[in-house]
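See structure below.
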Amino acid sequence: MKLWEKGTALNEAIESFTVGNDHLLDQALLEYDCQASIAHARMLGKMAVLTPEEVHALCDELQRIVVLDGKGKFVIRREQEDCHTAIENHLTEKLGAISEKIHTARSRNDQVLTALRLYYKDRIADCREAVNSFVEALKLFGQKHGDIIFPGYSHTRKAMPTTFEIWSGAFVDSMHDNLTLLATVLKLLDQCPLGTAAGYGVPMKLHREFTANELGFSRVQNNPIYAQHSRGKFEATLLHALSQITLDLNRVASDLIFMSLPELAFVTLPEEICTGSSIMPHKQNPDVLELVRAKHHEVVACEHQIQATVANLISGYHRDFQLSKGPAMRGIEVTLTCLNIMALVVTKLGVNKQACKMALTDEVYATEQVYELVRKGVPFRQAYKQVADKLRRRG
Amino acid sequence: MKLWEKGTALNEAIESFTVGNDHLLDQALLEYDCQASIAHARMLGKMAVLTPEEVHALCDELQRIVVLDGKGKFVIRREQEDCHTAIENHLTEKLGAISEKIHTARSRNDQVLTALRLYYKDRIADCREAVNSFVEALKLFGQKHGDIIFPGYSHTRKAMPTTFEIWSGAFVDSMHDNLTLLATVLKLLDQCPLGTAAGYGVPMKLHREFTANELGFSRVQNNPIYAQHSRGKFEATLLHALSQITLDLNRVASDLIFMSLPELAFVTLPEEICTGSSIMPHKQNPDVLELVRAKHHEVVACEHQIQATVANLISGYHRDFQLSKGPAMRGIEVTLTCLNIMALVVTKLGVNKQACKMALTDEVYATEQVYELVRKGVPFRQAYKQVADKLRRRG
Amino acid sequence: MKLWEKGTALNEAIESFTVGNDHLLDQALLEYDCQASIAHARMLGKMAVLTPEEVHALCDELQRIVVLDGKGKFVIRREQEDCHTAIENHLTEKLGAISEKIHTARSRNDQVLTALRLYYKDRIADCREAVNSFVEALKLFGQKHGDIIFPGYSHTRKAMPTTFEIWSGAFVDSMHDNLTLLATVLKLLDQCPLGTAAGYGVPMKLHREFTANELGFSRVQNNPIYAQHSRGKFEATLLHALSQITLDLNRVASDLIFMSLPELAFVTLPEEICTGSSIMPHKQNPDVLELVRAKHHEVVACEHQIQATVANLISGYHRDFQLSKGPAMRGIEVTLTCLNIMALVVTKLGVNKQACKMALTDEVYATEQVYELVRKGVPFRQAYKQVADKLRRRG
Amino acid sequence: MKLWEKGTALNEAIESFTVGNDHLLDQALLEYDCQASIAHARMLGKMAVLTPEEVHALCDELQRIVVLDGKGKFVIRREQEDCHTAIENHLTEKLGAISEKIHTARSRNDQVLTALRLYYKDRIADCREAVNSFVEALKLFGQKHGDIIFPGYSHTRKAMPTTFEIWSGAFVDSMHDNLTLLATVLKLLDQCPLGTAAGYGVPMKLHREFTANELGFSRVQNNPIYAQHSRGKFEATLLHALSQITLDLNRVASDLIFMSLPELAFVTLPEEICTGSSIMPHKQNPDVLELVRAKHHEVVACEHQIQATVANLISGYHRDFQLSKGPAMRGIEVTLTCLNIMALVVTKLGVNKQACKMALTDEVYATEQVYELVRKGVPFRQAYKQVADKLRRRG
């Protein structure tokens, strides 16, 4: 039974359409919704809406749901629509009348906001960890192969010498900046919307600091209209931060596809991370890198979808917002997977010292020749022209 | 066993990553891949690569797979990676050595291109049908309520009188134009890529006209590099055409949300297609319309993802292309669902004649007043000013 | 003076904001707006709203504006807001009272729709011509270098032999399909919106077939709500068609950047189409190709901007629609420029026969070896494994 | 003369294409490039590449350029390609041989990166100021009308009572969070790339801390490959932050269009910020709000364009990056303009107290009725059902 059902049957096709895959996505939110409900029950206890016994019974049962869920034994059914309903239904079944009070002073709108933020906070922690593992892999690679010199490219043409330490270090530094951005996303998300109800609060004085504190939020999101407005808005920024991570991976993947090109062979991809062709027996294909490259665009598309979904709408909740949940979750999963895979790839990556050396042909040192002249006192622009003329006569 | 396996184990994490959800998505392609394989086997028969008996055995077994799949009894396993491998494995198991010849003169690249096109062609037919049903619903609505006058809006302000016939007719006409665009997409897709192999053909003379004909394609896509280049390119155009359909639905949904606003109440949404609130007992919410509005952005995001995925790449197949399959299939499913739901909504839609009449306040007829003066011989610009002055003095 | 001014001053900042750069963009629409006004005046003549003398005077003056504009002597001023106002102001100045009748039976909404469609139709003709020139350049290149064999790549790795005829032919075929799509866009645009006024028609019987015919439209867009709905909708499809063209150019540019890589050197870019570096005297950079590659994303972004702008809105004109004009015009200009530049690049493009030959190393022929065995009767899958084993032992 | 010219003429069409509108955009970068050149010259002085006199002469002349530019008297010509060339040409003309040394230890790649970051830092300061002005306007509005109650909407239907203090406060809070995000963008940008040259440094020991310090950067961006990689990457994040600002404005505009709907009339837009219709004399249209709503999508499109442009590319500079400059600058301008306009709109905004009161119909208080029962001890879910039943019987 749905939380808002009043007796009229909903058209079956309509019902199936409105539920969509919420019951599946919400499985990931279940534990967070239970956490939030526990904090909420405690607050209702402090407000004397619930007796201490009721609080105890509810919290106990909510903990039990978390445990069941951990064992895969609490499955949200399609007809339950979402995790909020599944939980309330369960509480009603187990505790009867007590459960009828748990929804006091909240709406599903602030419930899902709260559960999502707790979920995002955990996932951001996962992302930070995955970024750090990737950075570790880059650093190890740098320690192992860092001093090998190879030609850096610009405009997809040999430019000047560089080293694998600089190359891998570029992504170490970039990932550090990504973590700065991610920390800001966390800061934005780290405000508790519980108690803002359906965007217009509840006609009751709530202890919002209490629940915020219980749930580990650093502050309360006071304004209920802003709480609704931040749905989608925060998700877009979260996905943008993730897209900055996957952009780096896209670049690393593009580099490795290029640098492992047999014609260059600066790096080697071990066979165990390559795939073959069904028609060409000689192929060792960097599918894994290509997929990482491509998956960046999935994360970006998730950002775009959310951005477009929440625009051109007036204030207040719209069901449209619900459709930000799927892409947000997907974007996170894709980012985590790609980080883990690329950490593995970098760990397995080899360097072909000989090929690097062979590739350091004369023109890679053209700029060094200019600076040799500069060091001898020739003004830069003249030195540039002298070397250019020399190359031109030769080339 | 994968088609390209040569003995070295692929790293497990890498394997799981590269397969992704292909084994799930490919279930929808299975019957099309069988169709294409049957045509291909017949062609190999004509080329004497296969004996008539071998052709017969292969075609028989492929038909059997289609039947099994129809009963849900041919499930692609993750370790099989995709439908092509699942089929070849099955053939090997059932027919032994004969199956080793079926992959002659093709690659998985042209196989998947072919299966996808057959799949798209069928789905486009489904979309066309769903568009027609939606158009029927609009027409019935127009017949029932068409002559009721209500205020048309511009800039979200009352503008001039219009009728429900004109309103619903707008989307009938727009859908017809959408079908024109969809027909063009079909025309683009209606060229057979089978035989282009991995983008560079096969060193054998093939009867490509024969397979194209067998599979109901109106022409052969001769150029193998173009066959690969069209991966993602055609999908983007398909999704664009679908996004034009869902844009119309987005507009209809926006209109209905607005026109069913109790303050206007031009139209009525029966309770059976509305949902409620968990906190506000009075709410009748148009969630279904909001979801349709929002799902348009999912289709658009699918288009964008594909556009971004296939750009900045050189010619020839890249595994990145594989990631166009998911969004393409998703975009189609979303479009079909939204069309069906909106046909239902329009069928259930009521009109509040009284509210429409009440809303036809004086200013809605300001332009008519201008034209009354015009009909009496007052130049338009003067008539406009006279009415504007009158309204200004009054307002 | 603006067409809707009634005496109250508009805030200056607001005015400047609302006008934006419309007065600049509209310069390109001026001649089309005059054409449409001439047709409209003739229709008003047929309806006896205007006398034959008035029609004559108005048409004469409108022709004069076209001539002045052609000489750069009819410049829309910011305070005139748009081409419609500039024209009506001019007519008032020259013809006095007669001009007060020209706006009968139309609104600026259908005026701009009409002018834009005439403009788009001409620009599509330009695009078609530019596509054909590019195709000519490809064909000439194919005639000159077509039979040279070089290694085709898949997964950015050498795959199998191909020829420049096949390579350039891929884009010839793709451009033909682009023209099919463009023809469909033209078909969609080829309906006359003049007379739909502000989305709700005018309270007068109009000879809409007459103006449609005068202006060379093949049909009338009857439904006035659809006429407004198609603003942005048609532009999005136009831009999508253009993005398919620029996607091809993006691919050609990516190919040429790769194939002119000195390590491969399959093709040569003459110095006159390369640029240099301010620090590295040896560099010959393919900036022009990189810009073409990048400009594709500008066209795609124009499409996306329009798609997002017109969604989540109710029926009827919104000023938001005005912001589809800029990206549409920009997308067209970028496409035309890129087509012209790439035609030039392809014309200047050289092929390094020797480098191509050298690159045809053994593994490029691995598939041919498989087929040699196939021709001897070895089943494909066995042949594949034999060659793979041989390569493995060797490699 | 271009910095890299060596005597061969560039094809004219190619030249015009590659320059594009850089000479126009770069006018805004001129002063920043001069600042950076002054710091660079001083560093070259410390390194004894330049004599104190040369440093003095160069800095003097660079200051002069800034002054000339401030008066509109230093105009970059198309044939100069960009600001860097225009400046070096000017220095050569005025100082002769000395100017030939200024390009020592840098490339145009790090020059433009540096100039852009200085430019962005200033523009971000402008944005912060404009956000603060908008917030001030919201606060003043809140002080004036804050305690007026009106019906808050959810699902575009009346939900529960709210106040204008809460409504305007929502955007105050949201803008504060936007400033947090903007501060992070500033932090990312606040690292000095000068000295990273073309992505691979220069073969000379530089005092990079010195120039960073001179230019007010808080740190050096050490890694030269990362310096190039951050081109476009940082711009995307900057534009994302701006899109969060314009999303708020989009929401405010959507709210005001809705709440000023004559049927609701909660707020009033003074005539001086409205525009009229050329056909309907009664119209007062909220064009300014519609344009603000629409311009959000322009900012988002700028973000998307940059995201797509820099993906799928290998490390090192590509000319593609240049095309991130235009959208970045445009996105900033649009954001600033919209903030300023909306501050004005909010300042001029009126509230219709009477209309708000009238709109507070019974059902807006349905939730309050539930809570009255809750306060009397009725469990929430029962109270909800009682009120729902009452409404159902009545409605």
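Labels for the chains are A, B, C and D, by order of writing; each one numbers its residues from 1.
By definition in this document, a residue touches a chain if its C-beta (ideal position, glycine included) is under 8 Å from a C-beta of that chain, and two chains touch if they have at least 3 such contacts.
No experiment lies behind these values; they were computed from the predicted model shown.
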Chain labels contacting chain A and also chain C: B, D
Count the touching C-beta pairs: is A-D or A-B ahead? A-D
Chain A to chain B: how many Å between their CA centres? 28
With chain centres defined as C-alpha means, what is the inter-centre distance between chain B and chain D in Å? 36
Take the average of all CA coordinates in chain A, do the same for chain D, and state the distance between these two points in whole angstrom. 24
Multi-chain contact residues (two or more partners), chain A: 6, 103, 109, 154-156, 159-160, 198, 202, 258, 277, 279-281, 283, 285, 287, 290, 293, 297, 300, 304, 307-308, 311-313, 318-319, 367, 384-385, 388
Residue numbers on chain B that touch chain C, as the complex places them: 6, 49, 97, 99-105, 109, 152-156, 159-162, 166-167, 169-171, 173-174, 177, 180-181, 184, 187-188, 197-204, 221-226, 228-230, 233, 236-237, 240, 243-244, 247-248, 250-251, 254-255, 258, 293, 296-297, 300, 304, 307-308, 310-319, 367-368, 371, 374-375, 379-382, 384-385, 388-389, 392
Give the list of chain B residues in touch with chain A in this complex. 2-6, 8-11, 13-14, 17-18, 20, 84, 103, 106-109, 197-198, 202, 271-273, 275-281, 283, 285, 287-288, 290-291, 293-295, 297-298, 300-302, 304-305, 308-309, 318-320, 322-323, 327, 337, 340-341, 344, 348
Can you name the residues of chain A that touch chain C in the complex? 154-160, 257-258, 261-264, 277, 279-287, 290, 304, 307-308, 311-313, 363, 366-367, 370, 384-385, 387-388, 391, 395
